[in-house]
Amino acid sequence: MFELLGIPPQALFGQLLLGLINGSFYALLSLGLAIIFGLLNIINFTHGAQYMMGAFVAWMLLNYVGIPYWGALFLVPVIVGVTGVVLERLLISRLYHLDHLYGLLLTFGLALIITGVFRNQYGISGLPYAIPGQLSGGQNLGFMFLPNYRGWVVVASLVVCLATWFVIEKTRLGAYLRAATENPTMVGAFGINVPRLITLTYGFGVGLAAFAGVLAAPIYSVNPNMGADVIIVVFAVVVIGGMGSILGSILTGFGLGLVEGLTRVFYPEGSAVVIFVIMAIVLLVKPAGLFGREA
Amino acid sequence: MATQTSSLDLSRSAGVEAPGMPALHMWIFAGLLLFGLVAPYILYPVFVMKVLCFALFACAFNLLLGFGGLLSFGHAAYFGSASYVSAHAAKVWGLTPELAILTGTLAAAGLGLAIGSLAIRRQGIYFAMVTLAFAQMVFFFSIQAPFTGGEDGIQSVPRGHLFGLISMAPDRNLYFFVLAVVFIGLLVIYRIIHSPFGQVLKGIRDNEPRMVSLGYRTRRYKLAVFVLSAALAGVAGATKAIVFQLASLTDVYWTMSGEVVLMTLLGGMGTVFGPILGAAVIVTMQNYLATFGDWVTIGQGIIFVVAVMLFREGIVGVLARIIRRPL
Amino acid sequence: MSGDTILEASGLTKEFKGFVAVANVDLKVRRGSIHALIGPNGAGKTTCFNLLTKFLQPTRGTIRYNGRDITAMQPADIARLGLVRSFQISAVFPKMTALENVRIALQRRRGDSFDFWRSEKVLAAFNDEAAALLEDVGLTEFSATPAGELPYGRKRALEIATTLALDPEMLLLDEPMAGMTQEDIDRISTLIRRIAANRTIFMVEHNLSVVASLSDRITVLARGEVLAEGDYAVVSKDARVIEAYIGSGHG
Amino acid sequence: MRKTGFIVASLAGLLMAGTAFAQTAVKIGVLNDRSGIYADITGEGSAVAAQMAAEDFGTDKGITVEVVSADHQNKPDVGSNIARQWYDTEGVDVIADVPTSSVALAVNDITREKNKIFLNSGAATSDLTGSKCSPNTVHWTYDTWQLAHGTGGAMVAAGGKTWFFLTADYAFGHALERDTSAVVTAAGGEVIGSVKTPFPGTDFSSFLLQAQASGAQVIGLANAGGDTVNSMKQAAEFGITQAGQSIAGLLVFVNDIHALGLDVAQGLVLTETFYWDLNDKTREWSARFEEKTGKKPSMIQAGVYASVLHYLKAVEAVGSKDPEAVMAKMKEMPTDDPLFGQGVVRADGRKTHDAYLFRVKKPADSKGPWDLYETVATIPADKAFRPLADGGCPLVQ
């Protein structure tokens, strides 16, 4: 059997597939950040906490109300999205006339509060959330055992990402959104309620994070800190991608998941920092990011 | 070339300033020094030393944010790496405390140069994210590098003898050394702010494209202030390692970067004295509420939100507005 | 007035994703002249202006200043060659006093000074010169006022004083009259005419009467391309220019 | 919801005021993790355990006990700060518990410098009674050497000859891997590979696949806390145990298993020195503990109880709280408590007692939410811990 760089090709495919799965989370999260940034010009530091909330709300729905995974998949993004709308209306919207950095500081503070409250309430050991019965088990692909659930994660996030891309790039609503990013006054003149558009956009971006949280709940333990560490990686993903385009953030997310997956095989010790190293290189070569707009 | 202005609404209080140190500032510095001299007889000296180290850290950070207009979300990297290097220098190389602190400071400055030269390629929130990401890289390095002792940190760092002569083991002796280091650090920052270089920084903060159009190579100035800020944060971190005889992962973790932002925001960014007060408040809060665990985090989050929503000028900024004098 | 060219752009092109903002613009500015760049909204004037001062990087084309190719230079270095620009939105340092605003330009003469250890008292050496420049533009009484608190017209005057502090060989003004009252316009027009005595001025301007009274030569831009060039008499009779302005609803 | 705040137990003070005995007031500081990853296995429960020890010791012996507690957030700087302040300004005589090796080592130093007493229960590092041993420290419950030998040795004996390690990439993980490898090799097994996983990590699937591909019989988890929980969860997801490989948790606590659920954790082999369901005494005590806290005790909380109890007996025997005299008495006097039975505190500060190799039950065999383990083997005290001579502790040379 021939080997590629000392790794049997089958194993390599397996690892690439796993990278793609992690990439799904990066893509969903960086997509949400990109959409929010596009219209609000705010880097939503709360994004990680909202991802965590997604997982927790799914857990609560199951344990307090008895709503299973499939219901949660649709309900949770709405519920967490609504909390996002409330935050935007109450707090974030009051900062638009200020420097963007205040938005960053505010959302950072909110992230601390949300994480702290959940930690206080549920401890830090993590809560179990079972894989839904329909998706337990797995497929033997020959080169690896692929749990059905992981396959579902890739499919679900691809579908959601592409649907979002389609709505924003190809529909009238998306056209308004893009126009509002460029020139809110003009769009307002068309009779469109721009503040409401902004609020809903924030809610949608947060909903994407919560969706990622529900997807993650059965894989990782539902844990108050699950968002804190992933958000920094996603920030690096965003810097690399440049948030210039919706498709760009999706591609960067999946791409970096793959790169990270490969690093886990060839140099596991470096897999935690590989994305940051790539970020440094991109900053040197193409400071605006791979898909970033100039200036 | 990116021409986005970083027009943080800083130092609304910083109005007209006469050249040289205004009498008011001189009195405040004198008051601080006097308080510093009597504090160890009233309060627990180790606690006051902690406040001093964080006050210097916050002021170093504020030099970058308040006067350079650059929000770094990764300042723990310089604070923490200086702390590791000085702990290593004192423990393994047996350097005297002042040389250990110097070594730590140089390390922080070098790291600041490396990260800064990459980070200043982006502006505004991107800059914040890039510094945060690099700091995370430093954190991962600190977990794995053999000399940092992983999550045990470097422990039992000897306090040593100042200049090889005066024992730093008694808390009081060490205290006055730390007071001197921090006070000199604060004066250096004050001078930087009020130097020709500082004037250029304020110009860049207020309107960077305009400074470019006047022929200033603004990137070099931003890098210079970044390195200065990293070095001074390094002094604070290195001193802390000697005081607590410990360098640990806490000092390089991103929550530390968040705390220093909070101290500065609470005290008043762009003010001279705000970060000192902010540091004192936050350190006191952490110290006396340590029992309450998560509530400290929640409290810090609430302070963040309240400060951003209601008083962006910070405590000292508000005071300055009331008395209509820059502080 | 010498007839040689001080600034020359050839084949200047800027493409943004999806559209061309400036297409193949050739431009020659004669030394000592006042040259205006006009055109309807969206014609690419400001983009063109930003390309010339390198605040934007051209996609194609070359820029020569005093015979030297500056296409690859950084904006700050171009300013150091004596080619200094102003901004459409008034570019003062709002938290500094008027005097400090001017002084920071004078301070440039100290070179790349990173002397953070020195007291800012050394800057007092520039105070007299700064005061003189303020007087030139009629701002003496405001010298201790933070620039952010000045009325709009005064800000523009301060901006010009700051620019003049560099003693530039050539000035690029981006809509110097935008948003001004007639009184302000008259004062700034006089000022521009005065400073043009021994300088070259290139300006983007909307106000056609200002352009008519001030400029020696006019380039008209529409849809990113040069439509016409000449003095006011020539340009104002050009059928395509009239068409372009009327077409976009301008008089 | 977890109670926070100081727990002040001023026992006996009023009752004893009129008696002829000289009063000895002892202040015990329970310093542990009240908000982080070890909050469930230490935290408030340890403070409750210390208080129970004071109550069970009795209020009629002329000793008043006050228990205070604080959160060190698993940060050595926070922990050492509190320890200093407790010793310098608050009159604390004894610090108990202190999970997280880094904090424990810091408190170990400070306690020695200030000449007080440190009763460690929560920390894993065997350095506390090895190269960093201190005349002021007793290490009660468990340590890394004991975990490695308990689990590693027993697994090899049970037929798990080939090993692959998932090692958290920092000092603790490396040490655990190194110690366990030595045990495995010495017992006739073989280590065929290991992978260093970034710490802290969330996704271990890639590393688990590498472990699976290696074909090793045992996958050793040289990690702790969230890393362990996540790697076990994902091992179940990828069907690794079903495919015939065993997983050995090198640092897993009963609360982790409780949180994971038996579905995921079944079949895992691990070592602990205490389990609530060992005998009548442990069941009785654990029932009382559960009444106060709502949870069964972890071995660390049991260790806090037992160590505080032993300390108080020594204070009573000496008649003062002089640290040197009390430490000498603690080492001289055999220990006897309902949770760990009889044992000794050795010269290096190591407390020895039996350890147990447990296997996590199948869901079908479990009779209640806390019925989690079946005992595979008992490791006698003299085999469970590192021999006195091997630790390199300067106190025993």
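Observations
Each chain gets a letter, A, B, C and D, in the order it is written, and its residues are counted from 1.
Just so we're on the same page, a contact is a pair of C-beta atoms (placed from the backbone, for glycine too) under 8 Å apart; a residue touches a chain by one contact, two chains touch by 3 or more.
Nothing here was measured: the structure is a model prediction, and the numbers come from that model.
Across the two candidate interfaces, B-C and A-D, the one carrying more C-beta contacts is B-C.
Comparing the centres of all chains, each the average of its CA atoms, the largest separation from chain D belongs to C. Look at where the CA atoms of chain B average out and do the same for chain C: the two points lie 40 Å apart. Inter-chain centre distance (chain A to chain D, centres taken as mean C-alpha positions): 38 Å.
Between chain A and chain C, the centres computed from C-alpha atoms are 45 Å apart. Centre-to-centre separation of chain A and chain B, using mean CA positions: 32 Å.
Residue positions of chain D with contacts to 2 or more other chains are 35, 39, 169, 198-199.
Touching of two or more other chains is recorded for residues 119-120, 269, 272-273, 294-295 of chain A. Residue positions of chain C touching 2 or more other chains: 56-57. Considering their complex, residues 4-6, 34-35, 39, 69-73, 75-78, 80-82, 84-85, 88-89, 101-102, 105-106, 109, 125, 169-172, 174, 198-199 of chain D touch chain B. Against chain A, in their complex, chain D makes its touches with residues 1-2, 35-37, 39-40, 169, 195-203, 205-207, 209-210, 212-213, 226, 229-230, 233-234, 237-239, 243, 255-256, 259-261, 263-264. On chain A, the positions that touch chain D within their shared complex are 11, 14-15, 18-19, 21-22, 119-121, 123-128, 130-131, 138, 144-145, 147, 149-150, 219-221, 223, 225-226, 229-230, 261, 264-265, 268-269, 271-273. By the touch rule above, chain B contacts chain D in their complex via residues 44, 46-47, 50, 140, 143-144, 149-153, 155-156, 244-246, 248-251, 286-287, 290-295, 297. Interface of chain A with chain B (complex): residues 42-43, 91, 94-95, 98-106, 108-117, 119-120, 232, 235-236, 238-239, 269, 272-273, 276-277, 279-280, 283-284, 287-288, 294-295.
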